[in-house]
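Here come two complexes built around subunit A, the first alongside subunit B, the second alongside subunit C.
Let's look at the complex of A and B:
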């Protein structure tokens, strides 16, 4: 096995400690170790990673391997940030007794993901504190869409089941305020049920997954090159990040590497995506406290980035740019000049916008101490991305697992511990300044050469993890290839899936009119959550 | 109660026609200050006409209260407007109590609006009503104190008398009690018309709304009446502010020239006041809901100081 040095010692310790209980190990990439273990070992390995190796559970997902092995496999993806490595633990779940021992009581981050496995694969959770349905709502018929024997074109019977029953909060003067699932803005559906005593919020229940699109199932039905376009549409505001994560996975499975220029161009596009999303979010946060002037400037700045996006890639949201083995379009000298000019002007105007917001004490008063997500809560829930960094979780795949061109550039990762709306805005602000620096450095040392390595038919039965630090947080695409240049399984992990519960925690003790700005400061993706 | 029919009709027409324009002007200027082009200033007229033409969707849980509220809101705002001197110092209508009756009429409208918000039992309406009543409990006394300050100087609560008394050589704006009372009234104006920093009239976020939350269940003709009524109330409060504290240019005699000049002065004063409102709205964020009472308490204190200082100076 060709392992990272930091991973070798961990692997040795694990084999010593667990011996034959780890049945098999392999490492398709130096920073990606697979351990095939007995089902009973999942909990012990989990606590080992958490306690000994500073690891965290970044994802849990399942795969239907009944045809070949007569079992379901459940994978636990651990990110060992300080060791710059991923460990994937695979445990078999017998098909005749599909039961999975839940880890949620120990690791809250697994909550929705384990329930997702239960809903989509029909693997019953044992010992889960709240094993109710999450992805397929309670009124759905008994179907398990991600099992191989479920046909994609199955027509579902009428939904006759009982509707979801929310928990009731009782007490004198306690009222329930239902909001959604259809909202006043142009956003996706999500139901928020507030239990309030006057204005203060006592409890917030989230209900998402109103538009299950079966994207992961769709991946299994398409040839790999077509899957790329599907990956772009997982979450519209992160289309390039998702597409690139998918490209990384396929490239790793096919053992090809994108040429240096392609990696640099990918980095530029990822930063452009960060640019327009972060500035829009900063504006939107100001709108939600009725400081609309700042938003109008932010919208103007966002529009400039979108227009440059179009000049560079032909699409305002960078769609169609990603490509297996590299990128679709090269940037010529004129385009690079446009980009350099954008960064200079954007930085100047953004600095003015920052000053405008900073000088408005009313805005600051609204944002500070509002919607606090305490570091320990964030850590328990496994909150990642900007929300995690505002609550003291110092991580960033760009730094800890440098992909594309990020090991060639210098940047810092802003981290705060207050965890309020203000800090989530400041994290965005500081990341924007870092983005300017990253783009300038990449432009300064842009390699020449080809922009694409040909990716032929991907060999079957390879597993690979693609990852990208999108603007919202870490995005994982895990694939298992099948014969005929197809996928047996593609697991998509958007940061929102894991981050949504943070909202319920952050809003506690706040008043209900502050909810919109707290929600906006997280700005989770509905579509990325309910693929 | 004395009535002057031609003046009554003229002022009714003035209130009905000018109120949407004032709202439109504020919206347009706000947009301009935010680097937007903004809606045309006569857009509110089109809105009212549009709403009047539309069908209404009324909750099956709504009772008669929901149905009479739009009329009450509209009529109270309009009749309050008839008691305010606009072009001449003589308002066409005066009820027993003068300024007190005006505050009472506005309170009646608000009371019904709050009931109308509660009546269909939607979550947002209830929140809006609760917030509106909480805030008005402080805003109303502040307004009373400010009006009392000028009423004491005039020796009458009749608004026409107040304006007449301050109209003339004795009027001085730099009088501390007047300045304090004006400041108090201006804050009350922001609160009563649902402006930033108290409420955001342009938001779509139901959870943050105060005034708008109570209107969420209204549609069609009823919505038109309430929106129109709200803009009339805004015009009434702004005219009150303009004419009590700056009683210049009011028509002294009943000639067309004097009326024309009076109208011109009124428009000029309203435009200035609208500019001030727009400036406050664009340069401020909305206060936290629980900080709004602090702001209104400031208005109340200013009103109190104004009242006290009438006896000192």
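Let's look at the complex of A and C:
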């Protein structure tokens, strides 16, 4: 078994404790341990990883394997950050009694993901504190779309079911304020129900999945090369990050590696994506506290990046750039010069923008101590990405699980513990300065050579995990290949899926007029969550 | 305050001034694919690599019907990589009032090896920029301002609805408000309520979960009202198409006045489509 020594010792310890109830399975990467376990062991393994190995649950998902094994499989993905390793535990759920013991009471990060399994596979959750529908809204009929015997192209009749009932919050002077799904701004749809007493928010209920469009099921119906273009449309502002995570998964399943130059170009594109999104968010946060001038400067800078994106890759959102085994377009000397110039000018102007924001004390007044997500709450909810780093979670896949060219460059990961809107903005600001450094380092040591390794038909029945630290946080794609260069299953995990509940916590006690800025400071992806 | 003013003054005007500035699109940009229809030998090559079936072909009785549907195209350029008779251009102003006009259909006589021997006929107008020819963002905007003024007195108010988009189209629509494009200088304003809106700008394949909200938004608008479908998904369902969770194109739910192709359409393409919608009234 070709495993990291630390994983070998973990496996030995687990075998001593659980004996033959767990088996080792082949994993495509040395830093991944794949285990097959009895269903009853899911909870015990979970607490072992949390307590003994400083692990955390990075994802829970299911697969319909009734045709081959007569069971559903549920997978638990644990990230052992300090050991730079992943553990994937697979447990069988019998087809005739599809029930899953919920882990949500112990690990809140599992909440929506487990309910998603219940909605899409019809695996009943046992012991879940709130086992209501999430993905398929309450008025949907009883269907289980991710089961293999459900046809993707099924056109459902108009919905007649009972619509969602929100929890009632009662008391003297308590009002409910519903917002959405169509919001006032040019943003994605979702429904928020505030319960307020006076101005402060007592309770916030979230209703999402309005843009659920069957993406994971769709992955199972397309040839793998077409799936890559679909991956670009999972979350429009993270097109390249999602596409790259998908490429990593397919490349691992096919046992190929992207050449060094391709990995360097991917890193450049990932950082460009970070540049335009972070600067836009900083501007939007300023807008939400009425400092519109700063946003105008920020939008100007964002537009500049989008135009360079187009010059480098042919598309303003970097679409069409990703390709299995590498990247599609090389950058010539002129394009590299444009990029180097962008970084220099962007840095100079961004520094001025930072000074501008700093000079405006009113902005700081509104942002500090607003929308606080305490580190212990963030840890309980398993919050990742920028939101996690602003609340004390020192973690970044680029550093802890370096992919692409990130092991060739030096950078620091900014972490704060205050967890307020100001710190979420500052994390972005500091990450931008790191991005400039990363891009310069990559440009300084850009390898020559090819930009693509050919990926032929991917062998069937391979499993692989792809991951990328997108600008929002960690993105996982887990695939199981099928014959004919297709996929039997593709699980997409955008960081927003488990981060959303942070909003309900951070807004408590804040006033409704501060909600837009608190929401923007997280800037979750609706489409990435809903898929 | 002084710092704010100083920086604004130092930055100066960044909005592209008209009418001098030409459309600022990089020569690398991928827009409309152009097919050399007369010399196209094998549509199956493009059809096999096209992720959204924007290029499709059907053979019957020794004849082939080959289609290029700009409403489905995501401008990835994979067809041009695979087939030398297809070339990617940077043309982005592709909006059309009719869904059929976005489709170019050619009929070919087939050779014995399955390739196309000769072009029999072509149908479907190749989407052309509407008159007057818009060679720059500013002239388009100026023309738009004139027509908006004519139709709505002074201004056009737009309500945007994401009915299932990936957020890519939203990003470009937001871009219309940045200081570079500054769409408000043409009297166009994005509003928070459908009750204030003259136009509904809809993105995304319409999801089952958004169907009701989209209908309600439309119903809340005062007449006369316009509906513009944005992006490959809004025009045709795009890569998502019709499935258990997606109803596909916007025109399956609402009467659509203008289709704006693109994935996502850039700000120029969006402005062009909005102008076309006004011209229709």
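The rule is short, and it goes like this: the second predicted complex is superposed on the first by the 529 of 531 C-alpha atoms of A that agree within 3 Å, B and C clash if a C-alpha of one lies under 4 Å from a C-alpha of the other, contacts with A are read in each partner's own complex, and residues count from 1 in each chain.
Quick note on the criterion: a residue touches a chain if its C-beta (ideal position, glycine included) is under 8 Å from a C-beta of that chain, and two chains touch if they have at least 3 such contacts.
Only a predicted model underlies this, so the values are computations on that prediction, with no experimental measurement involved.
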Exercise. In the overlay, answer first, second, both or neither for which of subunit B and subunit C A:290 touches.
Key: first
Quiz item: Who does A:126 touch here: subunit B (first), subunit C (second), both, or neither?
Solution: neither
Quiz item: In the superposed arrangement, which partner chain does A:197 touch: subunit B (first), subunit C (second), both, or neither?
Solution: neither
Quiz item: Which partner does A:454 reach: the first (subunit B), the second (subunit C), both, or neither?
Solution: neither
Quiz item: After lining up the shared chain so the two structures overlap, which partner does A:300 touch, if you call subunit B first and subunit C second: first, second, both or neither?
Solution: both
Quiz item: Should A:178 be classified as contacting the first partner (subunit B), the second (subunit C), both, or neither?
Solution: first
Quiz item: Which holds for A:67: it touches subunit B only (first), subunit C only (second), both, or neither?
Solution: neither
Quiz item: Hey, is it subunit B or subunit C that touches more of subunit A?
Solution: C
Self-check item: Overlap of subunit C and subunit B interfaces on subunit A (superposed complexes)
Solution: 184-185, 293, 296-297, 300, 360
Quiz item: Which positions of subunit C touch subunit A when the two form their complex?
Solution: 3-4, 7-8, 11, 14, 24-26, 28-30, 49, 51-52, 74-78, 88, 160-175, 177-180, 190, 192-194, 204-205, 207-210, 213, 217, 233, 238-240, 242-246, 263-264, 266
Exercise. In the complex, go through subunit B and note every residue touching subunit A.
Key: 33-36, 123-124, 126-127, 130, 196-197, 200, 202-208, 282-291
Quiz item: Once bound in the complex, which stretches of subunit A touch subunit C?
Solution: 137, 140, 143, 145, 150-156, 159, 181-182, 184-189, 209-215, 217-218, 222, 225-226, 229-230, 233-237, 239, 293, 296-297, 299-300, 302-303, 306-307, 310-317, 319-320, 335, 352-353, 355-356, 359-360, 525-527, 530
Exercise. State the interface residues of subunit A toward subunit B in the complex, per the touch definition above.
Key: 175-179, 184-185, 198-199, 286, 288-293, 296-297, 300, 360, 362-363, 365-366, 511-516
